[in-house]
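Two complexes follow with chain A in common, the first pairing it with chain B and the second with chain C.
Up next is the complex of A and B:
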């Protein structure tokens, strides 16, 4: 497994505009806030009778999913369609590469179809960085989840959700609970929360589901759920990947739920107005009880709605950044 | 050139009486201001109408045809139209009319909310250099400016305007 290069410079134009969106790490607070502000306009579009704007009319967006996904893929597809782009979704796991075509050959073929953007999900950490370095100029790359590394659009939709319900990040305590070790979502969330100025980020997990360098995550580590959840404003539950059950990392689902599953009783230790989030799909009775998932403090389904708007924002900003690379720098007020 | 709040007020009063002379204004559904300068003008204009109209706001930035040249403006505001656009008689309001592209984008957006029965256009300044067949029904002041100059409105509380050289701001 190759890890992504520490530098995210490939993501930005020389004047600091987004041209790829690969990781929130190393991005500035104003840029992340810009994404959230732009998304707010698109949330409004999603509530209209005609949920479509002509911003990316004539652009071709290719969803390249080397790893299967339902929610992320379908929300990216809807986001592109609501921006009026043409969308092609390729389930690569089942297509050309299984016939022996290399990743680069697949890319060159898609570029020959005049694609303007690749939305990439890959099981290997760093794959979207590799693709961003290899694509021809003016093709934007969006990371839709790479290995254990990053899932930046998920993190940004979570930030949008937190800002929507809490008004901002000042003074906020946020707990992320569950399989931190394997979670690219948690990694991106921690980066985003720290950049946006949350007061405290906590991770809560058994030792076996924490990375060896847990202290370097940028979060306070707790192994006891009740202690960790004490007085927090936001509880983010992670999906427990059942395939991890077979490995020796966990005793049993029942045992995990007893210790780390979110119930109303455990939630009682958080602030009275704490919100509960989950990137989905949820495992009822494994990491979250139905009484919480369907309860008044759950904003899980709102996250999905906001996710489309956040993806629309990132896609239009990246295309706009690519266009600005060779656009004339003339001022054009255009009244 | 500079317009202080009193001079802007005089222009707005002229526009309000010109609007009231348009037969469409009687029974119009609403005023629609284009973010952000047009929204300020719409609000100020509405306060000067003898019968104020319902007020809506549009941010046409998702509909612009020069997205590739200009990129996406920061923080596009949600559009708010507190009336049904279908069958409505609308008065679109902007601060400065130049190429006509903002108005085209705003009309495209309006049509995504419904089919208006009519749309009239009121602007504070018309500085010419049109690129599309669009004209204002009501205009505060017509200016003839050299190509490298624009009018910038500042607000929203005290509306003032001044002529500025291109290259400031965006």
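Up next is the complex of A and C:
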């Protein structure tokens, strides 16, 4: 007996529609392409005089941020508002749990507000899976980043960016550079690139910033930046947290920049038309030189614009998946 | 009132790993004492139990259970409720780890014995704390605790980081020839982790606990055992790298034994897929290769015993995202069924598997139990080895935290006799 992998069982309806968006892993290529195509339809909304479409009118979206975030939270908020939803943002890092309320108690309280969607960021890997299993069936859960595990909307906006500039994924070589060990973004990007048919995904980092069994991530592992970046079409730089020096993972920002920081010189080893990406916020002079961040190959700012469209796509698809479940249930009761 | 059993168990398959006996025979208990095992016994006035098709084996000895006193911490159940669960699982003796209380005063020892005694289902044998409050700073009154009935000393899940303190603890324990239990773990290598540092943790983004967290500590502990000459039992070996160290220690004649928890013989890191918090245990489930190496080590005797590593938890302990859940599996209900499952799947040979939950752990702990010895108070279990049952339909432990809670497992215990008294009778 072969069961569908747990992650896809939870996040898809029986007929394969998205009802939660928790992880890219185990999703199909057509579904990911559907997300990108749907997002394409939303990119223009931001350019209109009235920046709204009515797809989520009458729906309530609750942003549950157990870990603080400015950027991701505000793009989700904006995405929900452009879909005409009512939006409530709770910075739980500073409220309920610090008063000793358990995550389950918090959820029960929020359900009582008749929310239709939870957008969740949590410091524990797997938290959105736990929440999706616990919430009433009508609530869609979107993962806005869990521990080191996944950040699927960030990965999909990166895929949108790559497709926008490269036309597709066939034959592409992509290098992801930096703190792979702690990066939920890298894990989701690797899954997405492999599913969408990239030729090769590489990760580049010193051994202290790679997980044990890094091969299991689905990428080729390099510890040398110049070798790893050779001939790639896309370079994705990851943010380096200051704490890494305190926990003896790196000697200094200076040495990291010298060995793994992206400079024009190192970028010279990539393909001449290679693009440079970064999920932000960037640390100039730590993982990326200003000359690259502000240079002609950088597409970092466009990533932000696409981020809103991709989040609108995922939110509208999950709500429609939930609605198809409700319709099916009503059918069952009718017969 | 005399509650000692007068019981004739007829035509069961009597398996006693200690003596090598395995044949169909009758077994007679008089006044609680096992008096005879043989063909066509007769006993006027004794209760007769027909055991055709059933196995009669020694009462199981569980070398590691974590229990709590009433109202203590996050635990479900207490000494009394879990003794009953043990009886229903065919277990007659269990080593209660020193984190119950903790066991650092004779008052706690008395309390545990009293609670267990009132329940009268299984012998709860306390292990004394090596250090006061398990805090790793001051020696506990080990000899006083041993004289009060503790069978060994140990640190439960709080291994000593400071090597000098550990050396002094071992020297003091060796003075009185006390058995020391070790759960080898280097706290600095474990810190913050919740899963084996391998392929699954890499993908799921779970902070890892490397195999060397165990083997680094085990190396140090073995060197200190050798230096102090103390008798040692190592608990819940989880990694294949540790096995070579245990083998080498035994080969050199050190007074060392070891056990493994039953769940490490059945599950590996892949059980964590989907963030299944019922598989969050310490030490963590390791790779498929480790699991096979552990099975091989049980088969060849490198690992002497299999324990339940029973940790009954309240439901709230698992109602959180994986890294925030409390590790542990409630194991008394499933120890014998899972051992039988391994035997059915030919992962372990029958006699060695039963030895590893009866005579071998009794030998490791230095207690007179785990065998069908005539002339002694009877400790035995009658089990229907092939009868499958849904575990949740008769779950006795206060903790339901088990990946096997709703599954079908072989081996239904029909009757348990503990210290000459019937402690469990299937309804």
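We take it that the second predicted complex is superposed on the first by the 320 of 335 C-alpha atoms of A that agree within 3 Å, B and C clash if a C-alpha of one lies under 4 Å from a C-alpha of the other, contacts with A are read in each partner's own complex, and residues count from 1 in each chain.
Everything that follows uses one rule, which is that a residue touches a chain if its C-beta (ideal position, glycine included) is under 8 Å from a C-beta of that chain, and two chains touch if they have at least 3 such contacts.
Predicted, not measured: the structure shown is a model, and the values here were computed from it.
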Exercise for the section: Could you look at A:317 and tell me whether it touches chain B, chain C, both or neither (first, second, both, neither)? Expected result: first
Practice task
Applying the touch criterion given at the start, work out whether A:40 contacts chain B, chain C, both or neither, answering first, second, both or neither.
Solution key: first
Handout entry: Partner chain in contact with A:17 - chain B first, chain C second, else both or neither
Key = first
Exercise for the section: Look at A:50 in the shared chain and tell me whether it touches chain B only, chain C only, both, or neither; answer first, second, both or neither. Expected result: first
Exercise for the section: Kindly classify A:148 by the partners it touches after superposition: chain B alone (first), chain C alone (second), both, or neither? Expected result: second
Problem - Residues on chain C engaged by chain A in the complex (per definition of touch) - result: 197-208, 210, 273-277, 316, 319-324
Problem - chain A residues touching chain B - in the complex, by the definition given at the top - result: 17, 34, 37-38, 40-45, 48-50, 52-55, 316-317, 320-321, 323-324, 327-328, 331-335
Exercise for the section: Within their complex, state which residues of chain A touch chain C. Expected result: 5-7, 9-10, 25, 102-104, 122, 124-127, 129-130, 134, 146-150, 184, 187, 211-217
Fill in the blank from the handout: Residue set of chain B touching chain A in the complex reads 59, 61-64, 66-72, 74-79, 94-99, 101-102, 108-109, 112-114, 127, 150, 166-167, 169-170
